[in-house]
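Scrolling down, you'll hit the structures one after another.
Here come two complexes built around chain A, the first alongside chain B, the second alongside chain C.
What follows is the complex of A and B.
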């Protein structure tokens, strides 16, 4: 069987899965679709592994598949890495969907569209020409939109979220289209190879325009500030497996798009391009992390955290381009590897976190942190898996998040002295942004895990919550296992990532890492031995436990009430809430977050010294949505209202418009002709 | 054969470092308390009191709040284990501890963050108001201290072209003049503030307070008692000793052994004890004249540390 057959077989299986999802009875459709999606994933994964192993791209062309242009497949190692990333999220997400299906995924539409969504994501990185890419990109956008709207009948907010997502994704698609058209206009054909050939001869201004349009377009898909507004709206409304797919893999394809245009098509650019990318990344990381700390809904928190993680990826890509532009191709390659590692890590832990949020939603009916609590006792396995994934996203060693942050820090450290003033100022600021982001991520996830899973349950439905079915736990477990393996044995995966980076920057052709058990930078002083570190930690934990056991005289602990300052009865309302936990951060950063707070005290009629009731309201809106999008929406609405005056309903007036337009056209023809 | 003996040697030295810090940390805390008491005109408890307290606590029965999960007993273990690994790989008495190739400043910082993060989670495990309050404040301060910390690391690492701590220390030993460069001085200034914040000393947190509204660390660990409390206390003093040990070896690495020979290790141990004691006493003299800063004034202090660190990086690049 040739490699292209595998790609085609995957696509066909995906479409068959969609058909099964549409025609089978309700009980079977999600399971059948999921199993077929796994088959499709295996085909595509086999093709991708083949490409990464051999190092040669799969190339094919089919004239009949798409009208006029035909379809082109070019799966190079860079695309293959992203295919594997999609597979890594899609298999657990669809497995989770089986147990989750009665929360909006077992309708005919959803069961049909979900396999299509996965299949297009598997194929986008294999697209070899503008037309093929845009077809797949558009189907991916539409299918994900339909999935965001899966619960639109029951939830008002889903409709509004759908509109926001539709508008943002299509604005993004239009700038991508323009960017491709500018390059393709003079190119010989519309394949990416032809575009890359032609892009070399374009004027610097045109190249910059193409790059910036692509950053805006792909950035809106990736959720970079200020195009992130759809994420915190769409993710809480979408079914959780869909959130996991969108946040883990679809967002990663936005990053793929930036690498495709910036490195593959344009072959790199001047330093200022990359300073823009680095700046966007730093701002996104900080803004996302800050909002994640102050979100009180678990899925909204995860959505903002996606903006934060993608920001770090953009920061790495920006640093990579900056170093390459300053004449340090090796550092450029290292930065790109760091960025790709961050993307892969993000897919693993964010997928796990969204899926466990889905498990919690399925068990309790809510993702509002202030209604949860005490879930680790009630859902021990889901809770423990959430804890590990949260530790991974906080970049705690020895999990995978740490490897990504270490590589990013090393690339910034060694790039600090590149010899250009702007770059040298940007690097320490980038390190600071990365550090503050990491610190705020810890705040956000200690809050999510501590308020949501520990302490006392805050509502009745949480009190009686029970563990979710085994498939849902297994799905999260697979992704958490990926977090552990990527953290302890990163060299199992890093060579493949390096090969992908090499495919993106073919002119460089350098390998920034020394191959072996440890992560070691080639030609630079930097080494990390994650396996040895893990072993040392395990020995230390065992040692401390032994010491505690040997020294203790009373082996069994006594279980008793927690200290309540002398109070006998303690209730869940005495605990800290998500809002109060985040209050210090909110107060320190109130210039950015601008919380809206309102205290309404009504006094007793007899005396002002007695308070009858007090209502405190506090909310953190998205400042960018309020400051940037709301005014535009208001202006458009006003313009629409004004335009309505042209349509009073009078037939005479409409005939007059037609006549006037005809006269104008005739005059125009006369003048020009 | 030589690699095996090297492995055994480095392992032994690392073991010496861990034991020295485990026993020396409480003595350091006791000394700092004594100095402070004397300056305030009190007699103060004996210098060895923290060690005696640890022994007493280890013999008591463990108590667990009824809402707590496995996080609660696990957190003190993880705290001590991560600090112990950090101590083992740090060049405290020799430049060749075990796993010295992994002895990266970045790794050390994140190892310490593991301990504080797990402890913050444990604070919320009992479901009380105090625990949440302490955890919330502790992670906030941790987040605000992190930019200053990593930029400081960057400033210290640029000169050595590596964030590997033995490499930095060996660079200082080879070129003693590099300690007095502006980049190193700015960075060390920032490091002092960061160390104070990270180890919960005045003016950031008052380790002696048990007043509900001012506690940070103490509020977070309020539910711990007996052997678990002993581990938390030991972890905290080990952390202080480790941070001061890193600091003194960055400022004045002299006396540090460059091999794993027993004579040199003993010299290194004595030098480390003397240097850390000196810095610890200076810190406690400073603490006598300082009051705890309000929680919401802390960002200014930590922003100051960040600016110092940034100056360190920039001056390093300008002077070069």
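What follows is the complex of A and C.
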């Protein structure tokens, strides 16, 4: 079987899965679709592994598949890495969807669209021409939009989230279209190879325009500030497996798009392009992390944390391009590898976190942290998996988040003396932004795990929550296992990532890492031994426990009620809440977060000294949504209101418009003719 | 103001009574205290304020006030135990990790003082929780309180 057959087989299986999802009875449809999606994933994964192992791209052209242009497949190692990334998220997400299906995924539409969404994501990195890419990109956007709207009947907010997502994704798609059209206009054909050939001869200004349009378009898919506004709206409303797919893999395809245009098509660019990317990344990372610390809804928190992580990836890409432009190809390659590692890691832990948030939602009916609590005791396995994934996203050593951030820090720290003023100013600022982001991420996830899983349940529905079905736990477990493996044995995947980076920067083609058990930087001083580190940590923990056992001379521990200021009656409502946990951070960063707090006290009719009721309301507004989007929306609305005056509903007026237009055209023709 | 800036320090030098050794040996050197007002007239609170103020400064002898019994090694109780404060007092002492000391400050805490037999009074501190150290006086002089605290910290 040739490799292209595998790609085609995957696509066909995906479509069959969609058909099965649409026609089978409700009981079977999600399971059947999921199993077929796994088959599609394994075909595509086989093709991707083949490409990464052989190092040669799969190239094919089919005239009949798409009208006029035909479809082109070019699966190079860079695309193959992203295919594997999508597979890594899609298999657990669809497995989780089986147990989750009664929360909006077992409708005919959803069960049909979910396999299509996964299939298009698998195929986007294999697209070899503008038309093929845009077709798949659009289907991916539309299917994910339908999935965001899966609960629109029951939830008002899902409708508004759908509108936001639709508008943002289509604005992004249109800028991508324009970027491609500018390059394709003079190129010989519309395949990416022809575009890359032609792009070399474009004027610098045109190249810059293409790159910036691509950054805006793909950035809106990736959720980079200021195009992130749809993330915190769409993710809480979408069914959790869909959130996991969108956040873990679709966002990664936005990063793929930036690498595709910046490195593959345009072949790199001047330093200021990459400074823009680096700046966007740093701002996104900080903004996302800050909002994650102050969000009280678990899935909203995860959505903002996606902005934070994608920001770090953009920061890595920006640093990589900056170093390459300054004449340090080795550092550039290292930065790109760091960016790709961060994307892969993000897919693993964010997928796991969104899926476990979905498990919690399925068990308790809510993702509001201030209503959860005490879940570690009620759902021990889901809770433990959530904790491990949260530790991974906080970049704690034996897990995968650490490897990515270590590589990025190494590339930044070694790039501090690259010999260009702008770079030498930008790099230390980037390091500082990254360090602050890392700290804020820890605050956000200590909050998510501490308030949501520990303590006592705050509502009845949480009190009676029970562990979710085995498939859902297994799905999260697979991704958490990926976090552990990527963290302890990164050398299993780093060669593949290097090969992908090499495909992205063909002119450079350097290997920034030394191969062995440990992660070692070639030509630079930097060594990380994750396996030994893990072993050392385990020995240290075991040692501390043993010493404590041996030296224990304290009396036996007493079990007492939690300290509640000595009150006679203690309730679960007296616990620390997510809102109160975030309050100090909100206070420090109130210039950015602008928290709105409102205390409404109504007094008793007899005396002001007696309070009848008190309502406290606190919310954090997205400053960019308020400052950038709301004015535009208001202007558009005003314009629409004005345009309505032209359309009063009178047939006579409309006939009059037609007549007037005809007269104008006739006069114009007479004058010109 | 110049005297305040350059003059001698305000803290009183205090002689230590070497014989006084109170409390468990684990608390020698450092004593973190949570104060509970079980129904005091606030006379003892005034004295406690000056005990931890700049003039008497008990912190130089290792005794310190903390905000939660979870952080504390001991509980300072003032006033007779009123009905409202009986349960909170028991809970506070319970919440203080062992080894701990319970110090009754003032006559009211030791034997209800002038409030003995009052309708809202449950009893002396010793009737509600086991007391380790009693400091009599209405209110006790700061030096008396410090002498007792130094008996625990032995500094």
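Methods note: the second predicted complex is superposed on the first by the 638 of 673 C-alpha atoms of A that agree within 3 Å, B and C clash if a C-alpha of one lies under 4 Å from a C-alpha of the other, contacts with A are read in each partner's own complex, and residues count from 1 in each chain.
Here, a residue touches a chain if its C-beta (ideal position, glycine included) is under 8 Å from a C-beta of that chain, and two chains touch if they have at least 3 such contacts.
Worth saying up front: this structure is predicted, and the values here are computed from it rather than measured.
Touched residues of chain A were counted for both chain B and chain C, and B has more of them. Once the two complexes are laid over each other on the shared chain, residue contacts for A:54 go to neither chain B nor chain C. Using the contact criterion defined above for the overlaid structures, shared-chain residue A:397 touches chain B, although it does not reach chain C.
Using the contact criterion defined above for the overlaid structures, shared-chain residue A:528 touches chain B, although it does not reach chain C. When both complexes are overlaid on chain A, the residue A:668 reaches neither chain B nor chain C. Look at A:563: by the touch rule set out above, it reaches both chain B and chain C.
Of the two partner chains placed by superposition, only chain B is touched by A:438; chain C is not. Overlap of the chain B and chain C contact sets on chain A: residues 558, 560-561, 563, 565.
Residue ranges on chain B touching chain A, taken from their complex, read 58-69, 71, 73, 77-78, 80-82, 84-85, 88-89, 98-99, 101-102, 104, 106-107, 110-111, 113-114, 117, 120-121, 123-133, 135-137, 139-140, 142-147, 149-151, 154, 157-158, 160-164, 167, 212, 222-223, 226-228, 231, 295-296, 299, 306, 310, 313-314, 317, 320. Listed in rising order, the residues of chain A touching chain B in the complex are 373-374, 376-377, 383, 387, 391, 394-397, 402, 405-406, 409-410, 412-414, 416-417, 424-425, 427-429, 431-436, 438-440, 442-443, 446-447, 449-451, 454-456, 518, 524-529, 532-533, 536-537, 540-541, 543-545, 548, 551-554, 556-565, 570, 572, 574-576, 580-585, 587-588. Put simply, chain C touches chain A in their complex at residues 36, 68-70, 87-89, 91-92, 94-95, 98. Put simply, chain A touches chain C in their complex at residues 555, 558, 560-561, 563, 565-568.
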